[in-house]
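Both of the next two complexes hold chain A, though its partner changes from chain B to chain C.
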Partner chain A sequence: MNVTVARLTVRGLLGRRRGILLLVVPAVLLAISVFARNSSADKHDLAVNILGTLSLGTLVPILGLVVGTGVISTEIDDGSIVYLLAKPLPRWKIITTKLAVAVVTTWLFAAVPTLLAGLIIYGTQDTLAIAFTLAALVAGTAYSAVFLLLGVVTRHAVVAGLAYALVWESLVGNFVKGAKTLSIQQWGLSLAKSVAAHGTIDATVAVGVAVPLLIAVTVAATVFASVKLAGFTMTAED
Partner chain B sequence: MSLPPESRTPDTGVIHNIGYRAYAGPRLGRSYATRSLFVQSLRAAYGLGRSGKSKVLPMLMLALPVLVAVIVVVVAIMRKSDQLSTDYPQFPSILALLVEIFLAAQAPVLLSRDLRNNTVPLYFSRPITRGDYVRAKFAAMVSAMMIVMGAPLVVLYLGSMLAGQNLGHNTGHFLIGLVTALLYALVYSSIGLLIAASTPRRGFGVASIMGVLVVSNIIAGIVYALSGGPHGGDITQSSDWAAVISPSMLVESFVNQVFTLATDTGAVRAPGAFGAVVFAVEIAVIIAGSYWLVDRRYRKI
Partner chain C sequence: MAVITIDKVSRWFGNVVAVNDVSMSIGPGVTGLLGPNGAGKSTLIHLMSGFLAPSSGAVTLDGVPIWRNQAVYRAIGLVPERESMYDHLTGWEFVLANAELHGLAEPGAAAERALALVEMEYAQERQTGTYSKGMKQRVKMASALVHDPSVLLLDEPFNGMDPRQRLHLMELLRRFGADGRTVLFSSHILEEVEQLARHIEVVVAGRHAASGDFRKIRRLMTDRPHRYLVRSSDDRRLAAALIADGSTAGIELDFHERALRIEAINFQGFTTLLPKVAKQAGIRLYTVSPADESLESVFSYLVAS
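Entry: the complex of A and B
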């Protein structure tokens, strides 16, 4: 961790009006959960649908994408990363600092609203809200690390990340069972399943598989991003 | 502070006539420049004239729907069925995700890059006006989207002809399909370009366009399910009003109601004639409003 780098990253990420734009995510989630609370439909299905599909399935990946790539690829895009790289700081420290900022931002803007939405819709029953919050926390961490790596590796990080989050996890995952084993969203879900009351959440991946994979992917992505940044060369935009 | 004393000898150089001549050829004018900008933007939307890397995604998004259409045709021919398994107007909604990714990836290519590199003022040093620039970019994005959605429809139509299916039915539905694709192209492009014009950051633009489209769709789905959900037949229900939230559901339900399609599957449809009018107005407002906002945004540059 380097405080100055962290401060600059936060300013780049949330400065000007961008922080307000990110607030759209919690606003949407809370608005829909207030709407859902007042409906007559089955609250459990509703909570699983809103917290699982909307929050964990869509908002967490998209936020992770914006934040994870936003902490580094905007600087790479406009070339100002060279001023940071020219400082006598180990490259891995830059990566871990930026990752920490991304992770905390994702937690604040996705996991906390998930907890609130869960409490609004379903209260504390079945520890469902806690379970989905935990899933959002770990999935947000893994997404941030993976998308940060994408931001270092490619100029088309956001498109590649979208392809992974929406096409692979949502579209392919719905049809092909095996694709779910390699899905951060499913790992988060399986963790949520182990926390929530028995039989309230469906997950296809076992916890014993999900937790090591989550840790391995997060650590590997961070290490690989550090290695990539250590041998970084600026390339012109196409 | 006093200036240093003038110690140099007076200049003895002369200005040589190097034969500079003003351009006396034909000037092609504003409409030509606008057309060139349109063509270049359309090419840019497919990465033509750019590096191989930037061709990958648009070409993939063009190839996948065509591939799906070919599969549909092949299945229909193998089974010797008298109808294709998917109707033309439904095709763009089935492949909505691919179309949305194309839009999200390419709308910022058309606008954000010019903003980021500060090249917009250079365009306006040419005869084209701000209105021409916005018009050319909109036309290019809509055309690019039409190619993505229209190409598989053409494949389906040609395939149904090869399979010897009913010509009248297929032609009618093919034309409805093209109208649907045009509506999708207009609505999606206006939303995409509006977001792309507001940010010089390409990545941010991509994520926000995709976020707006996907999240609005999911919210509309949840609201739809909460207020009654799907229902069969021609009857209309209040749950169909949920479609106003999501641009893709809006177009789909509008087309379903206006052309009385998909009556048996219980797909979302605009509630009655009044609903159809409201939906049409919303579609018009989205298109005109976005165009106006983008136009206004470029007035300040």
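Entry: the complex of A and C
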């Protein structure tokens, strides 16, 4: 961790109204939760649907994408990354610091609202709220690492990230069963299943598979991002 | 003593060769990297500052490779050409952050010293996004100087500066050079380089065209054949009078343009001869314009010679 890198990253990420924009999606989730709490439908089904689809399936990947790429891609795009890189600073330190900022931000803006939404709709029953929060925490971490890597390797990080989150996880995952094995969302869901009361959450991936994959993907993405950043190349404009 | 050595370096991007088999050595003092736009100056500076790997050859600082070696940044200060620099920070916050990133023992004192050096204390509380080009350039300088580097690399530092700021920066760089630091700056403007650098490296189209004392290179540039387009009240008579003189190598009567195309060998000689001859013969000169004064043509002459 480098305090200066963290400070610069946080200011870049949350400064200038961007922080407020990040609050919009969680606010929508909470508003829907309040609405659901007052509806007459089955609360358990509502909670699983809202927390599973809206929170873990949408809020977490979208925030992970915006935040994970946002902690580095702006600096790479406008060239100001040079000021971080022209320093005797190990590249892995820059990456892990930025990852830490991304993870904590994703937790704050996605996992905490997930917990609140769960509590609003279903209280503490079946440990459902805790289970989905845990899923949001681990999935948020993995998304942050993967999207940070995308921010380092491609200028089209947001498009690539959207393609993964929307096309692969949501679309392909719904039709092709195997695709679910390679989905951060499903890994999170598998963890949620193991925490919640028996039979309350469905997950296709076994927790023994999900946990190692979550760790492997997060670590590999971080290592690869560090290596790529160490070989960062400036392209001449002249 | 800090010496950057570029040894038989080429760099290509796909099929495009940006730098072609260049060898040069940049030592203490101020060196100007001169060349037209697109000549490969920025590519060379990126190679020297560790932001680009050579496709072949080696770039070293005192014998140590620069690419993928973060330790070199203890000795190198880089002023990039691009302007963006955390616009939401104030000048003070920006330079302080740079000092902290270097892991300096007293970052506050270092930032203060660097900002004083470039005379930017008066605006240090303003966000850098509100700065003029010249001010940005100076704060960029401060960020590059904050760790007191022995090598300073500047990519087109005078771009967008007004004359006063230009003089101030030149004075600053001159002082660094006199202190025994290795200062290299790139520019596509000959006069700029001439005013500041004793030593010049010229690159044209990715090739190392010339190297050495600026006077020598200046002479090479002025001694080349010069082409002029001249219109007068009597082109034929003027041509006859001019060709008699040794400073003129050839004259063509361009019917289409209704003008003379003159190739002069001796630049100095010809510029004094032309008005004299015209006056003696009672011919009026309407147009005298250099036909090949573009920097590119000057440089391509250098490469050919």
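Criterion: the second predicted complex is superposed on the first by the 234 of 238 C-alpha atoms of A that agree within 3 Å, B and C clash if a C-alpha of one lies under 4 Å from a C-alpha of the other, contacts with A are read in each partner's own complex, and residues count from 1 in each chain.
By definition in this document, a contact is a pair of C-beta atoms (placed from the backbone, for glycine too) under 8 Å apart; a residue touches a chain by one contact, two chains touch by 3 or more.
Computed from a prediction, not measured in an experiment: that's the story for all the values here.
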When chain B and chain C are modelled together on chain A, clash or fit: fit
Chain B versus chain C as contact partner of A:G231, first or second or both or neither: second
Contacts of A:L162 with chain B and chain C, given as first, second, both or neither: first
Touched partner set for A:L23, first chain B, second chain C, both or neither: neither
Chain B versus chain C as contact partner of A:A36, first or second or both or neither: first
First, second, both or neither for A:G79, with chain B first and chain C second: second
Three-chain overlay, vertex chain A: chain B-chain C angle, C-alpha, nearest 10 degrees: 70
Which superposed partner A:A216 touches (first chain B, second chain C, both, neither): neither
Chain B versus chain C as contact partner of A:L46, first or second or both or neither: first
Minimum Cα separation, chain C to chain B, after superposition on A (Å): 5
Interface residues of chain A shared between complexes with chain B and chain C: 78, 237-238
Chain B - residues contacting chain A, complex: 50-51, 53-54, 57, 97, 101, 104-105, 113, 116, 201-204, 206-208, 210-211, 214-215, 218-219, 222-223, 225-227
Interfacial residue positions of chain A with respect to chain C in the complex: 2-5, 7-8, 11-12, 15-16, 78-80, 82-91, 230-238
Of chain C, residues touching chain A in the complex: 13, 18, 37-43, 46, 49-53, 68, 70-74, 76-78, 80-82, 84-86, 88-89, 97-98, 100-103, 143-144
Touching residues (chain side chain A, partner chain B) in the complex: 18, 21, 28, 32, 35-36, 39, 41, 46, 49-50, 53-54, 57-59, 62, 65-66, 69-70, 73-74, 77-78, 155-159, 162-163, 166-167, 171, 237-238
